[in-house]
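Notes follow once the structure below has been shown.
Letters A, B, C and D name the chains as they come in the text, with residue numbers starting at 1 for each one.
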């Protein structure tokens, strides 16, 4: 894959933004390999993502950052530019279920996910051997029912020591505490095993079986202090029939959970997701 | 299409039901063209639907009914047998939106739906010409905000006069009153423009846009006194993106509403749906 | 819907195109409501579509055209700019099957398709009444097996008299002759009832049933002299099972044919489709 | 999971089959947990699959087999009955790509696939460590271009030594020779990375990119001597856009390949697939 710079911008919509940015890139001989725009008509907010061939540019990422700053200021931009070769550092959290974890690790192992997996934190020992086969550090941190806070402080330290910038709850069966949600805002990605906002909370497949729905789904979203209510990144569904029990749904749902989480994570890692209020703009490829 | 008898059964599960029924059919030389079974393991309830080539049988439907009664009694069956050539009578209810109505009428017109459409009841005049092109009687019954009951009694009379046995709310923008829900239990089919149980009630696409979901859906269900909470017959979804406003969702959603309603209605008309508690068994072909 | 100008460009890829175009729009105060880019890495070709709020612009479409010409020349662009309120004129061709025709006419009737339907040409009389209900002129042009050319010349005249710029073969069961394919290049849209390139030619559902596929599909494509081999605009599929005969597939397939044709037609009418070699770039919304 | 007997039957259609079979089961107190029927109207052939609670039966599988034989003979049945606890023995074949292999092994490891994986045969060494982590024997059998037959005889011996009854080509990049196709008829399952019959043979994603299709797919089928033309078990598709190169399709396609192969394999292992001519009846749950 070619080295690119990813320039991601959001700002109040007004005339001249695209002209200013493309003029800037043009002056530095930037060859744009992917460009995406969106204007939210309701909030009058503008979003843009450019992927620029790094070799075509006459400047490095630090210089780019410095020189772009005045334009960003002029248009009141929230923005960043990233070098695609500086890999995001991902910390995975899991409990006992391995389908999402295995899926992510396998994609990473075969070069499909551009990131560094810096570790797995789990509140059980059962997945250690699988994780260690991938040469990924395994941190066993038990979360006792009666007093969970010390464990979460240990988790925080573990994340920070590893300098992780993306945290993935890969079917981690613990509610992430508010202080971590806030500290890592828009950096914690969860997979919920229902088509949100249906079936929030525990045992969604059981809820789905009781309601008699004809499709079940999964939702990849950023974690906020509000349970299963954060900005949605990706969703998908699969058909079920009257013959499927809650147990069957658990099995069928795994395929959707894996897919939806991996897809959402890839969008996040490639800087394709912009959070706006409680919604996301996803510039999928 | 060949004339068939449709034998639909539900009863407590126990050994011997299939043997008894198939023995009965065998003795009458019945050639089974479609057979479906389901056992609900939780409630230990058994469901069966047979479609039998009418010409192969040595008995007519009345004799069949009479002779089958003892078996039905032995196994505590809720059951019926229907002649596929006795067409169900369908009353359609609509407001101003024509996409579902047109879809159903066109399918019926081209022989895709095996039923008789006995009329359209609408609380506006705008769809009259379209309906009358199909030679279907159009009943304009206004439903004034301040006092809706007289209108619903008129609707009841209209349904009964036409001897309708299936009532379809084809985007009828009025809440069906409890007394009609009860009178026509499991005979009133509604299309709700969301993937239930998400976004119950008014303006579901607006709710979906606010929540930022990545798929929108539609749900075909039997109407009960509990709003949008009746047994689900069929559902489907369509992908949306950040660029889609609530208005776009309304447009995109229409395609799913039409499909889901027509599919659900077809299952109902072909006696493929059995209601069990608040769920359905759907023996789709 | 707001009046927009749609600027659609394709040209050899090189640095500076976006800067030049956005500078041009910026100088005329153009507010971009939708912008899409694509670079084909293999052919090094660049594609761009802008939708610009017409009221924001300080120029009308003719002046825009005149003033943009030098830029277009500089970059060797194939390009056009269109006023969204100048509606495309669509001629529909059909035989006896009405599902696609009815679907398109109903969408147009309810304001979903931004076009003028200037007529329906059919080689049977059976759809006349339905078409005339929509106040659309119906042209019966028989296509006798032994000598089809006079009919196609009559069709050509009919299209030209109506000044149609888009021709839709809505399940028109005649092969379009080469001279018309060439005359109306990239203006004739067909719906083929299979997932191309599977099952080219006659009776695709029958072919699908024989092969035992588990999904059937439909393909909307531009017609070329090479049968069912033109640039694909849109495709979709639906699941089938062993219980579905070719006849069932015909019925199930209709739903996909309608959807795929209407979606493809909408993309075409909104200038979202650019043909490049034998492929299309579709800037879907 | 409860122990069941699976009775799978195909025979010429005639009246009395269901009665005879259900009478037989009834006499032995068999509690039917799943029953599926199908009649192929064209060939007048009948197919039936029963899953019977083993504990409810008064006979073991050997006695069942013996006692059922006269009925089978009377109706000219091709049939078998299997104990669900006698696990099928699966041999996997792979080259270098690990996505399908890892997916199957992980499902098996977590108890989702009811089988015994007796080994992996590969023509490269690269997957050894992953396979051995699962404690599955790894057989490296090189297939030299100039003379492949000795390798295939070695493969045959390896399959037979392990007493494998199901052979899965999990992206095995070698054409299976005719003598093995014949020897293991309806026992060799392949995943082809296209929506067959489109794009038979090599590099289907490249072919798909050239043709400009809007969906790509995968096909799980039984291997026959006729390349990619055997009976199809399962298929699925995923949407692609003009921005996706052949390389992107390879990546996106993997998700569909895995899913389709695992689904097809599960149907096969649960005796849900009956081959009839070049088609399959799949009694999916």
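Basically, a contact is a pair of C-beta atoms (placed from the backbone, for glycine too) under 8 Å apart; a residue touches a chain by one contact, two chains touch by 3 or more.
Everything quoted here is computed from the prediction, not taken from an experiment.
For the pairs A-B and B-C, the count of C-beta pairs in contact is higher at A-B.
Relative to chain C, the chain whose mean Cα position lies farthest away is D. Once the centre of each chain is set as its mean CA position, chain B and chain C turn out to be 36 Å apart. Chain A and chain B, compared by their mean Cα positions, are separated by 41 Å.
For chain A, residues touching at least two other chains, in rising order: 34, 41, 243. In the complex of the two chains, the chain C residues touching chain D come out as 38, 40-42, 195-199, 211-215, 217, 231-237, 241-243, 245, 278-282, 284. Of all residues in chain B, those touching chain D in their complex are 15-16, 18-19, 22-23, 25-26, 29-37, 39, 41, 56. For chain B in complex with chain C, the touching residues are 34, 98-99, 102, 106, 110, 112, 129-130, 133, 243-244, 248, 251, 254-255, 259, 285.
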